[in-house]
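Which chain is which? They are A, B, C, D, E and F, in the order written, and residues in each are numbered from 1.
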Amino acid sequence: MERPRYLEEIEIGEVRETYGRTITETDFVVHAGHTGDFFPHHMDAEFMAKSEFGGRIAHGTMIFAIGVGLTATEINPLAFSYGYDRLRFVRPVFIGDTIRTRITAARKEDDPKRPQSGKLFETVQVLNQRDEVVLACEHIYVVQKKEVAAA
Amino acid sequence: MERPRYLEEIEIGEVRETYGRTITETDFVVHAGHTGDFFPHHMDAEFMAKSEFGGRIAHGTMIFAIGVGLTATEINPLAFSYGYDRLRFVRPVFIGDTIRTRITAARKEDDPKRPQSGKLFETVQVLNQRDEVVLACEHIYVVQKKEVAAA
Amino acid sequence: MERPRYLEEIEIGEVRETYGRTITETDFVVHAGHTGDFFPHHMDAEFMAKSEFGGRIAHGTMIFAIGVGLTATEINPLAFSYGYDRLRFVRPVFIGDTIRTRITAARKEDDPKRPQSGKLFETVQVLNQRDEVVLACEHIYVVQKKEVAAA
Amino acid sequence: MERPRYLEEIEIGEVRETYGRTITETDFVVHAGHTGDFFPHHMDAEFMAKSEFGGRIAHGTMIFAIGVGLTATEINPLAFSYGYDRLRFVRPVFIGDTIRTRITAARKEDDPKRPQSGKLFETVQVLNQRDEVVLACEHIYVVQKKEVAAA
Amino acid sequence: MERPRYLEEIEIGEVRETYGRTITETDFVVHAGHTGDFFPHHMDAEFMAKSEFGGRIAHGTMIFAIGVGLTATEINPLAFSYGYDRLRFVRPVFIGDTIRTRITAARKEDDPKRPQSGKLFETVQVLNQRDEVVLACEHIYVVQKKEVAAA
Amino acid sequence: MERPRYLEEIEIGEVRETYGRTITETDFVVHAGHTGDFFPHHMDAEFMAKSEFGGRIAHGTMIFAIGVGLTATEINPLAFSYGYDRLRFVRPVFIGDTIRTRITAARKEDDPKRPQSGKLFETVQVLNQRDEVVLACEHIYVVQKKEVAAA
């Protein structure tokens, strides 16, 4: 669904939370095959059973990609993704964990290079079924300003 | 292959470059299915043919995941990945582009919380077949110190 | 996104249309591998080049599954899917065609077995990039009645 | 294998049953990724553990596509698939259930638009490991007539 | 389909040929992801365009696995696969080539360890659309003897 | 990583062992879908629970392809793969088994057709988590000679 929103229409503090998705062994195998990272941390159950983690742990890039993917339910045609800051792998994710993503509009900033737009910084948190943060980052979103569109 | 290296053994300026990998239409479809992001920017050839890009563009999360995955050829058992900073989607990647990843050891920093280790900051650049940077970020790597291991 | 709607709140004639999705060679290969149907109509380019179709044609079950999948963007927690009638494969779909789905609320009917709900019949049409119908069917949706919930 | 059969050679009451196939968590993940339907009914183990079903249930379109795919072992070059009627999702299918498909030649009908062929209606039943019907529909198959070929 | 056949019922010289299957770029990507072999010979279009082959070439293990898979249309419950001899990668397979498999019953041998069975050696040839052999091997099949079953 | 080695530089008796990889139900489903072999031995848990094996067993072609794929970590640009001899499926592999591959340089032979190279025969063993051989074969590797390159 399209949902056009100008920068002024997004309120700081707004929170959006996605559906949950259970991370399966299949996702581990698919991500290894998709990226080529077959490190034993993700793929060798015997090796990881003896490790400090007690079992295979998800690729950080997978939790990031799926965590962001969970939010892909509506498109703001007045905005585009500029990048991410402070991406941190806070806790391991295991096979069978169920994750969801919470996005909070955190702050706005002018963008000197794009006067007709501004930057919206969103706090992205991926949570597990115990409401623990497993991954956190800040999404930088460049959004058009209404005042400019109106002028 | 395992290749144990202490923080002191990694020289600032060291560069490592991966093999190339051609990004295929299959990767677009697999990434959409893996993450659930079926936005028309990645999946609708008709819509994107009329856009400013002229064709479907890769998911940013895919170029990040595959770009990092390309580097997964040797394991340093004395280190772990802490996170990423300043992840930027610099240029679009199209079906048929061939990417590779260049990692440069950029600087070291003490880690007050982990005196036996330090932080290594690596500049990560994903390049296309024209040697243009398509994605850039900084990888934060926590690596054990030899002086501590020796003590 | 959840969007609860009682039967009375859905108007006959309402139309919903999805984003487009380009059907790729990858989808053909994935569907064959998912279902086990590797018939040459879908998998043998040489054989099909000489056929009346001039090329590989999509599995009917794939256009149905993807056509329905395109509509999976909002959940009505007051309804469930009962089945489909008159599913017809109207035109072949080729690699590179871009499909989208149009759903029209067609008519309502009482459901003797479920007095608290009624049946909503939706006309489902999968269209290609030339606006031709490639697949059609009628979806039977069982939706709760507001009058009953209110009582 | 090809097995050409004219309409007259197919006897009403003929039954064909396929091999079994265990529906795995992988199939759930593949179908979600193939169709874009990531609804929590299929993907969120936590949410479904608390539901009336007690666990994730298969997409109806998957059981249809795999159930039909199981029958794709021999090709009748004298016939083509016209469509399906009365497709019903009779019982939920869970991860670990083993399904097979039973096809019964049910009745024949003339096809006014195609005098050289007739319609064969086949009852399609997908059964689980307890021999319960989980999905049912009627397949409409257009098959050439021998009398016409002979004339 | 099951088709039980005793060793005596298989005639030397018997030939079976499968349907064709076009090897797609998708198959290359799936096989790399399935096996973890992302060597540039299979995955880097730029590098291979400059090579003696002029383009990406299929993994040998893929042509073997798909070539054998094409023959998996009927099961002989009186036999099992013992192994393969003289597996040779005769010609490269490129994206877009269409392969099929031809199996010829070549010779029989007693199996001292299994007096109730014998070994059937089958010549396996995978052919491309120009009828060139791209892969060859000898399949060793252990098949029950009728004389023993009858005794 | 590239690691050029002439035939003379490879010592008979050299052993290389790969990381482990747990064979998952996902791999079974992916391999069936990749090759088209959906035989109940690999796909029907109910049927196999009653068999002599007690459960689904891996496709032989999968253990071969993954076993070989595990070794694909370094490229010798002075060599190419000629084929495999005596490929044997020694023990069944079940869902959850963890395999790794051991390669031993076994013997060298002149290659009359290629005087500038020689054949290196490598013993390939795929082992499970109990160090039992599950698959064995001999890899024939054609490697350039240093004496020739030097001349």
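Here is the rule we use: a contact is a pair of C-beta atoms (placed from the backbone, for glycine too) under 8 Å apart; a residue touches a chain by one contact, two chains touch by 3 or more.
The structure displayed is predicted, hence computed values, not measured ones.
Shared contact partners of chain A and chain C, listed by label: B, D, E, F.
Matching the C-alpha atoms of chain C with those of chain E calls for a turn of 120 degrees, to the nearest 5. Put simply, the chain farthest from chain B by mean CA position is D. At the chain B-chain C interface, residue numbers used by both copies make up under half of all numbers present, so the two copies contact each other through mostly different positions. Centroid distances from chain E, each centroid being the mean of CA atoms, peak for A. Chain centres here are Cα means. That of chain B falls 38 Å from that of chain E. If you average the CA atoms of chain B and of chain F, the two centres end up 30 Å from each other. If each chain is reduced to the centroid of its CA atoms, chain A and chain E end up 44 Å from each other.
Residue numbers of chain E whose C-beta contacts span two or more other chains: 21, 25-27, 30, 33-34, 36, 38-39.
Under the stated contact rule, the graph of chain-to-chain touches is complete, every pair of chains being in contact. Interface residues of chain A, counted against chain B in their complex, comprise 21, 27, 30-31, 34-39, 59-62, 64-66, 68-70, 72, 75, 81-89. Listing the residues of chain B that touch chain F in their complex gives 1, 73-74. In the complex of the two chains, the chain D residues touching chain F come out as 19-22, 24-27, 30, 96, 98, 129. Those residues of chain A that touch chain E in the complex are listed here as 30, 32-34, 36, 38. The part of chain F that touches chain D in the complex is made up of residues 25-26, 28-30, 33, 38-40, 43-47, 56.
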